[in-house]
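For clarity, chains are labelled A, B, C and D in written order, and residue numbers in each chain start from 1.
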Amino acid sequence: MLLRTSCYLEFDIAVHTPFIFMLKPCSGSQQWIISEEYRHTPMLPVFEFSDPYGNLCQRLIAPPGRLIINTAAEVMTSDSYDRLPGAPFVDIENLPDSVLSYLLPSRFCESDRFANLAAEITSECLPGYDQVSAIEHWVRSNIAYEMEGSDIQLSATEINLRGSGVCRDFSHLGIALCRSLSIPARLVVGYLHGLVPMDLHAWFEAYVGGRWYTFDATQSELRGGYVAIGYGRDAADVAIFNQFGPPSNLIVKHIAVEKIHHN
Amino acid sequence: MLLRTSCYLEFDIAVHTPFIFMLKPCSGSQQWIISEEYRHTPMLPVFEFSDPYGNLCQRLIAPPGRLIINTAAEVMTSDSYDRLPGAPFVDIENLPDSVLSYLLPSRFCESDRFANLAAEITSECLPGYDQVSAIEHWVRSNIAYEMEGSDIQLSATEINLRGSGVCRDFSHLGIALCRSLSIPARLVVGYLHGLVPMDLHAWFEAYVGGRWYTFDATQSELRGGYVAIGYGRDAADVAIFNQFGPPSNLIVKHIAVEKIHHN
Amino acid sequence: MLLRTSCYLEFDIAVHTPFIFMLKPCSGSQQWIISEEYRHTPMLPVFEFSDPYGNLCQRLIAPPGRLIINTAAEVMTSDSYDRLPGAPFVDIENLPDSVLSYLLPSRFCESDRFANLAAEITSECLPGYDQVSAIEHWVRSNIAYEMEGSDIQLSATEINLRGSGVCRDFSHLGIALCRSLSIPARLVVGYLHGLVPMDLHAWFEAYVGGRWYTFDATQSELRGGYVAIGYGRDAADVAIFNQFGPPSNLIVKHIAVEKIHHN
Amino acid sequence: MLLRTSCYLEFDIAVHTPFIFMLKPCSGSQQWIISEEYRHTPMLPVFEFSDPYGNLCQRLIAPPGRLIINTAAEVMTSDSYDRLPGAPFVDIENLPDSVLSYLLPSRFCESDRFANLAAEITSECLPGYDQVSAIEHWVRSNIAYEMEGSDIQLSATEINLRGSGVCRDFSHLGIALCRSLSIPARLVVGYLHGLVPMDLHAWFEAYVGGRWYTFDATQSELRGGYVAIGYGRDAADVAIFNQFGPPSNLIVKHIAVEKIHHN
């Protein structure tokens, strides 16, 4: 399916503020970026770099006043949710080197504390894809989706205690459970066509059967239309923006994902 | 200055042909890509990767028939040619690790054979920027620009013997001479506003005074308007496309660079 | 000073167990590895790779029975503890790209929750080295060194609540406090000459004044003799070994660091 | 087989001279470095870095006088020469990204000029391993081994014209022929047990059947005992040392490879 994604951010900046943005969807095995725009007002020097996960990031220093970031992309992405029940667990010794760091615990995914729960949830599953499916289903059934919540970002153990969270939290819990079973898992931030209410979204991927598969515990009906912007171990790695110094106000955020119809 | 660049390539493909393209200008210290398009017909799976120099490349397999690649970008780039006469030579021990491989000889830049010529050309120069300027001037004065030439790609030593070449050849000779003085130098392929006749262009950069500076032995009047697509040791590294198997016909190539006027 | 370090590990393995070891000290700006040994019994295929932080890691699959890993190195390292009071804070926009990920919160260093405490501790300091010194001093004064502790690894917030910990915990707390002030900080695991009781050690580095400086809140008297093995965001990244599957018993661990006297 | 390799280099340095050394054999799929020494006299600051091919390199600045570099390693390596006649050609679209740059022409391997010769040599071969074998055999039969030669380093086209060369030249010609058939090929520099006369050696690897295989056109009887030090596109990338500025005299070079017998 052909999608047009857009993200409009408007900040009210009080003092010179360094920002790091991560707003460029990347062409990959599941999506192809046909066109892309990245405009900012005022016009400022921007330096682009790749972070350790391969995400393209942009650094800039915003002067006092308004800062507007306006990005858009035309993306060809998969029509359907790619699934493979039965895909086997990959033995540690056969994992590619580049995947190994996704086995380790991280800021919001304390996988070192979930071994018992994960064993319980997946006790009747074949190792691999089916374990991740059971985890995805367990998170969907046991965590309530609740947008009003803590002001501070909670971790998987905290979310598990609280029993509620947003898309990012659902994913962190799923990731922590997977890693505790030695299944590499990572957070993805991006767009999802048809998301209600529309916003940026977060889901997760698990490495089974020799490749990464998509999982999303927040959606009851699994379908295509995902557009990845960034990958990382958890939300600490894939913030859409990081700012340093006294916090600036994000006064407008507008996200849109529309289907483009070929003529 | 704000430029719109475009590149249209049309191939007549006889058999399934793997291609690697390098057609995405990258945001860097000297240019910012505001928008970008990359369309191909027919629609095919494309895999993107970074080559060892950090250039974004695209792999695809073209089926028999027409293959059209159509890219465009809106780029903010420097109005003027950035110069710094007197910028000092950087001692080898102070070069960043990432720059060291640009000291070595490469396919088309046999720097191991230019020590005497380089010493002669730069005998009265301060080490650094001024040596590169003298080399740029010497190439401009001693090599004739000649589009009709050899069908095979010539190297710096061959170009020096022949005394004529195109932009790529001018740059290879400049690079080989710089490296023989232990000045890191690299080839850049991209667009130049106002180039006559309009085509893709090649120039070179030398590392002096702690950063890369642009040099172009083909232009008598140095001005801004450069848009880099790819960097490498020489043209072997930065082909706009590589194809494998029986060669396909490139039947249309159309390059354009236009100034965009703000309202 | 010239040191000989050694690490002897003996495991009792019940079932085939994949391991990842990180036991090779690396030559860097502060230490030079003159010689190195890495022997394992039984002789097994070992695959070496670099993790995302540049640490050399070794993967192997241990069969049931005894696994002995025996490493040693002769290392030239600094005689003194390298300090620079007054070294300035580096503005975010001037940090090298490679340092940026050390600003983010991580598994055991929840820097997102330490802004107030860090501000309080450093309220009278010049930004930069002096802030880190104040943090190091605060941790030394407020956290009790206590080897008997929790079986599970605690994070900086947990250690701060508990008020006691080991070298790794001291470092995590120091790192979290630094990052909350936008000072990049990382964990180092390695050897320290004269450590009592002798064991592997952990300390931290902070990036101020344009380079990494060593800090160690566990030592009241700062001296040289540090030998780094691995670097990372926290202990989740720099485990001396990770094993997967049912845990094996580490039945012997013997660490030694001796001064070598030239004749 | 278990080998002890050593390399002793002694230079007579006239003026402060920056050096880059590449003298550390690396643990890989075919060899495991059990112990390693790297001593230099006088004791100087050395900075280690990884080059773009993953080779560990050491930078130092030698003061006037003697510079001695003395390295040794104990290495477990393969007893036999690993061969797989019939291993298939890997289609370009299935090559790993990291292998692609070994398809391109390089300083001493002008693969763009060998298409006809390669086609002729391999006309009756199955694509893949057998083509490389035919190339290895052709080079062995058509190029004379001759140590006394040109003072300057020759390229594959020049060696082909001259009809003689040393191990490095044999390999360059083999590599150029492979690449012209779209088979990735790279130069390896290292040690070979039993080489007569003993010296550092160069051979090549070709990527067929999904992995790298060793080829050596200089040896009529293929056997094990290879120890790799560095990999690259050709000798321009894998010099054991590069020096900059007025050349220093290498006054002693002593290379040894001995079998270690277990008791």
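As a working rule, a residue touches a chain if its C-beta (ideal position, glycine included) is under 8 Å from a C-beta of that chain, and two chains touch if they have at least 3 such contacts.
For clarity, every value in this text was computed on a predicted model and none was experimentally measured.
**Q** What chains do subunit A and subunit D have as common neighbours?
**A** B, C
**Q** Going by C-alpha centroids, which chain is farthest from subunit C? Tell me that one.
**A** Looking at centroid distances, B is the chain farthest away.
**Q** Approximately how many whole Å separate the CA-defined centres of subunit A and subunit C?
**A** 30
**Q** Report the inter-chain centroid distance for subunit B and subunit C in whole angstrom, where each centroid is the mean of the CA atoms.
**A** A distance of 44 Å separates the two centres.
**Q** Calculate how many whole Å lie between the centre of subunit A and the centre of subunit B, each centre taken as the average of the chain's C-alpha atoms.
**A** The answer is 36 Å.
**Q** Counting only residues that touch at least two other chains, what does the list for subunit D look like?
**A** There are none in subunit D.
**Q** Pull out all the chain pairs that touch, please.
**A** Result of the pairwise touch check is A-B, A-C, B-D, C-D.
**Q** What residues on subunit C touch subunit D, complex-wise?
**A** These residues of subunit C touch subunit D: 26-29, 32-39, 43, 45-48, 50, 54, 58, 76.
**Q** Under the stated contact criterion, what part of subunit B meets subunit D in this complex?
**A** That would be residues 18, 20, 49-52, 59, 61, 91-93, 97, 100-101, 103-107, 109-110, 112-113, 152-153, 182, 236-237, 242, 244-245 of subunit B.
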